[in-house]
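There are two complexes below, and they share chain A, which is joined by chain B in the first and by chain C in the second.
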Partner chain A sequence: MAAQPSRSDRRELVRERAFTAAGVTAAVALVTTIVLFLLELFVTSRSSRAAFGWSFLWHSEWNPVTEKFGALPMIVGTLVTGFGALLISTPFALGIAIFLADYAGKKVSEPVKYLISLLGGLPSVIFGLWGLFVLVPLVSKFEVWFGKLVGSEALVASGTTGVGLLAAILLLAIMILPFSASLILESLLVVPTELKEGALALGATKWDTIQNVELPYVRKSTVGALVLSLGRALGETMAVTMVIGNGMKMPRSLFDPANTLASAIANQFLEATSPVYIASLIQLGLILFVISIIINIAARIILRRGVQQ
Partner chain B sequence: MRNGRHVSILCTMLTVVALVTLGCGPQGDSTTVKELSGAGATFPYPLYSKMFDTYDGITGVRVNYNSIGSGGGIKALTDKTVDFGASDAFLTDQEEVAMGAPVLHIPTCVGAVVLSYNLDGNPALKLDGAVTANIFLGKVTKWNDPSIAALNPGLSLPDLAITVVHRSDGSGTTSIFTSYLAAVSPSWKSTVGAGKSVSWPTGVGGKGNDGVAGMISQTKGSLGYIELVYAVQSSMPFALLKNASGTFVTPSLASSAAAAAVTLPDDLRVMIVNSLGKDAYPISAFTWILVYKEQNYANRTLAQAQALKKLLTWMLTDGQAVNEALSYSKLPAPAVTKALALVDSMTYGGTAIP
Partner chain C sequence: MTGRKIKNSVMGVLVAASAVLLIAVLAVIVWHIFISGVKYLNWNFFTKAPTPMGESGGGVFNAIVGTFLITLVAAAIGTPFGMFAGIYVAEHRGLRFADIVRLGADALQGVPSIVIGIFGYTFLVARFRSYSALSASVALAFMFVPTTARVTEEVLNLVPSGLKEAAYALGARRSSVVWNVGIKTAAAGITSGLLTSMARIAGETAPLLFTAFGSRYVEWNMLRPMSALPLQIYIYASSPYPALQQQAWSAAFVLVLLILLLQYGAKHLIARVLRVKA
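Let's turn to the complex of A and B:
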């Protein structure tokens, strides 16, 4: 504009710079926090690595008395509950999203959307309590029935508490459902109307349109949404710890008590006193952190490709 | 309009930064000590908060106690960020070395751990050390096992699997219970051992007393251990236990106090499980406050040391009146005498604290 900057322009410039500086500081602080986080986890867990090395990853004994630690049962517990929950909740999430996007009228879809976000915002301890008092007894009944069905004396006899991997998987499936359903719904809603109308104009039925136009369009963003939900399931602590039975041994069946990385840390960190024990618990945290990072990066990559397509 | 919004966001950011900085600022120190701080065990937390509240009312000295767990308490004392730590288990030799200076163990009350169960009709169950250990080892798996029947003549126990319930979190309660099992069962001692968390041969874990109690009340045929205080408050059934002198004892404030009424070592750093007292309930233990013997450390003043000594002395004498109202056992008189001697042995700069 004018060659000679006016007084108010200069003031504007100073404000602009100050604001930029504040914004950059905030952004740098965030990145620094994450890096420091990782660094701190790495440094404080080094005595565990010194004692056990890589074998920490595949040893399955966890004995605080003899100070022998291996993370395998918790890694298995984390992955089994996470992927199991994803497997169960995905069809429901897809169903809900498709129903809300294409079938339900506004009168139905608005309250349902509201309920979904309400479910997503419930504190996890409430899910945990519900799991312990409602879901676990049901799983216990199923366990007895299943034990009789396959004639496994061991299943029936080993105490049918209902707590264990299966209860945790079911509870997590319900907990991540609102999350994945609303993410998939968001991507279904941005499918261009021209595409849908085009398909309908060619004589496709509603189902044909969904199957051949909408789902292929959102395929990649759906995968991204599911991976993000998986990340949530892996890190869930409170609800899982209430229903998983907190066994530190390698589970042999879906009915066995097991544990996840997050739940083991939450349970044991407070009263752990010996240095190797504390370092090993922090090492569990580091493993969980790395797993979460890998999954989040995978989700970003898939999501980006989905957008490009 | 746009500028105005920028400025207000900027102001908010600066305010937050300013608040955070202010919060970290140094606090002014006063010559008279009005505040003491401690951290540690969760088990005696209700007792300590009542005691410290009463103490504040009498003396005007406020005591901040953070129940962050024994581990956290020991760490805070090692880092010298608190006046005292609190723990349900005495320091291991390794932990004592890490402290860098001698630490005194001052018991404040006796806690007991009970075996609670869920059986139809709530029969009055009797158990002994060997059978309990075998159940928790996974060797006795049914309620109608002959070894349980032998202790309970006249009771008809069901052909039902015993579901063992234990704590999933590290806890002083587990430490007391496993110390007892290690004391009564050589095979428990060699295969599992004692500690705040152990590698359980069998069973499911619940978090906290409430987690274990919840699991027990929900599962027919379950057996688990919880603190006496908690069992009394939530009216859970608990088993009578055969003690070292062969008597079946009901867990109670009196019978757990009786466990401490035996000859004790002068440093009171001792597990009183499987006590020889005739009326002693065998799964009983002290919970301790931990302080440095030499109080002149980390720029502490003599006034601070005096205030701490006064507090500990009060907790062992007048403060004990609080115990029973809150379902914690009082320390028996001989234990109080020895504990007071420990408090008197605290020094400041090498001389006794006046």
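Let's turn to the complex of A and C:
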């Protein structure tokens, strides 16, 4: 009707454009961030690649004095602690999720869910503090006991401080438990009631139903949840840094001090003085970044497929 | 009893036991923080900066100030980006780029905190040749944006489409629909999400190690090195002095209290949203 747009109309139009621009800018910025991270880490670590090339990935000597850097001990440490923690925590995570989905009434499940979110919300450094002063002494006692059991003098004599791979694995298992349990629970809750009731009506016990109806139904999303938890464990920094012992050699047993990619950076970055040392630590960060992006995107895709199915 | 039924009972006990175990572990951790934390707590702990090496007493006022400043500035930087990215994704559902943005936010949420820290160092600290609280805030903002974006999107998706359609039918533009209908309806939910994200970044240590760096003094200038509670806990816990280790527990107690407070606020708001919806 109005041939001439009124002033308030024009103002609204400006606001509309600004609004759209803000949305697009923020969205583009978010995606660009990933590229920016990749570029920045890639560029600042180039002197490490110039010195060691691909052999950085499989050389096992990490020596700041001779300036020889190979990431294999950290890669091994990361994989051992990550998969070890996942192995220990998965049965419990499944148990907790099944308990909350199928056994507990609302009066029990609501507070338990709240406690899970509480445990999941505790900062990494708090777990580290607890791990260092409570868990590590226990692990140390276990090492002494185990050393006597297998009659290993070396173990009793030297490696009994408690810090090392085992302490890191146990602490990580506790830390990812609330995360994986709540992700698995989410997928269990969408199993259609008709399917469960159908099985129960055929005379299946509750566990028969869980084992043969529910778990197969959520198989894909459970895998997705576990992959996401693995991603968490691989990148977890402070807690691991505080209990793993900053060992630079290739670990030979679970009791050895070691390093993960993340803990090596946290432990050594401020002490690193030479450019190659710094670049090599950034290179560890680049490896960790690429692994975490791949794992997270893969897990999301698996999860999405699980839901669609 | 048949084998099936025995198995049924055994598994029932086992799943309940795993839930009990989780609660037990949480209880043990919280108990340790409480018992060891309150021992050293006194008024000075909240109001004094650390004393010089070797002298007793002192507190973590410097770290408390740092945690508040660094967290608030990070949230101030991250909120507009996170919220608008969330609005974009919610308003463009089905669009391929919106999917990519959502996936990008998920991927960013999974980036290890130490990588954020090292990025903060190379991107800001190395460039400007100085450790600063501001570089820590920027690093934390990179963790704040993706969580905020996802929460905003999720909460906006909860707004009944009937409400929005009614506004469109009255001739409202998209910006005014999103703002006056979407954001206002979802305000409590979004605020709750912001508080949860703040609780998360307030406890982060790794992004601060090479950016905020830490300081023994009460520092208000964002361009200078600054301490923060998580950082102080890490430094004290790794120190060989029992007096400092004790302070680490007390600082942990204060940090957990702060985080619980933020989370309680968030939960309270969520409860209100759900009540309004029902």
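The definition used in the following text is that the second predicted complex is superposed on the first by the 286 of 309 C-alpha atoms of A that agree within 3 Å, B and C clash if a C-alpha of one lies under 4 Å from a C-alpha of the other, contacts with A are read in each partner's own complex, and residues count from 1 in each chain.
The definition used in the following text is that a residue touches a chain if its C-beta (ideal position, glycine included) is under 8 Å from a C-beta of that chain, and two chains touch if they have at least 3 such contacts.
Since this is a predicted model, take the numbers as computed values, not measurements.
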Which partner reaches more residues of chain A (counting touched residues only), chain B or chain C: C
Partner chain(s) touched by A:12 [first = chain B, second = chain C, both, neither]: both
Chain B versus chain C as contact partner of A:22, first or second or both or neither: both
Partner chain(s) touched by A:236 [first = chain B, second = chain C, both, neither]: second
First (chain B), second (chain C), both or neither touched by A:99: second
A:163 touches, of chain B and chain C: first, second, both or neither? first
Touching partner for A:133 - first (chain B), second (chain C), both, neither: both
First (chain B), second (chain C), both or neither touched by A:247: first
Partner chain(s) touched by A:198 [first = chain B, second = chain C, both, neither]: neither
Partner chain(s) touched by A:65 [first = chain B, second = chain C, both, neither]: first
Those residues of chain A which chain B touches in one complex and chain C touches in the other: 12, 15-16, 18-19, 22, 26, 132-133, 242, 266, 269-270
In the complex, chain A residues that touch chain B: 12, 15-16, 18-19, 22, 26, 61-66, 132-133, 136-137, 140, 156-164, 241-242, 245-249, 257, 259, 266-275, 278
Interfacial residue positions of chain C with respect to chain A in the complex: 4-5, 7-8, 11-12, 14-19, 21-23, 25-26, 28-29, 32-33, 36, 80-85, 87-89, 91, 97-98, 100-101, 103-115, 117-119, 121-123, 126, 142, 145-146, 149, 173-176, 178-179, 199-200, 202-206, 209-210, 230, 233-234, 237-238, 245, 248-249, 252, 255-256, 259-260, 263, 267
Chain A contact footprint on chain B (complex, rising order): 3, 6-7, 9-10, 13-14, 42, 68-72, 74-75, 92, 94-95, 98, 141, 161-164, 168-172, 192-200, 203-207, 211, 214-215, 218-219, 221-222
For the chain A and chain C complex, residues of the former touching the latter: 12, 15-16, 18-20, 22-27, 29-31, 33-34, 36-37, 40-41, 44, 91-92, 94-96, 98-100, 103-104, 112, 114-119, 121-130, 132-134, 174, 177-178, 181, 205-208, 210, 228, 231-232, 234-238, 242, 262, 265-266, 269-270, 281-282, 285, 288-289, 292-293, 295-297, 300
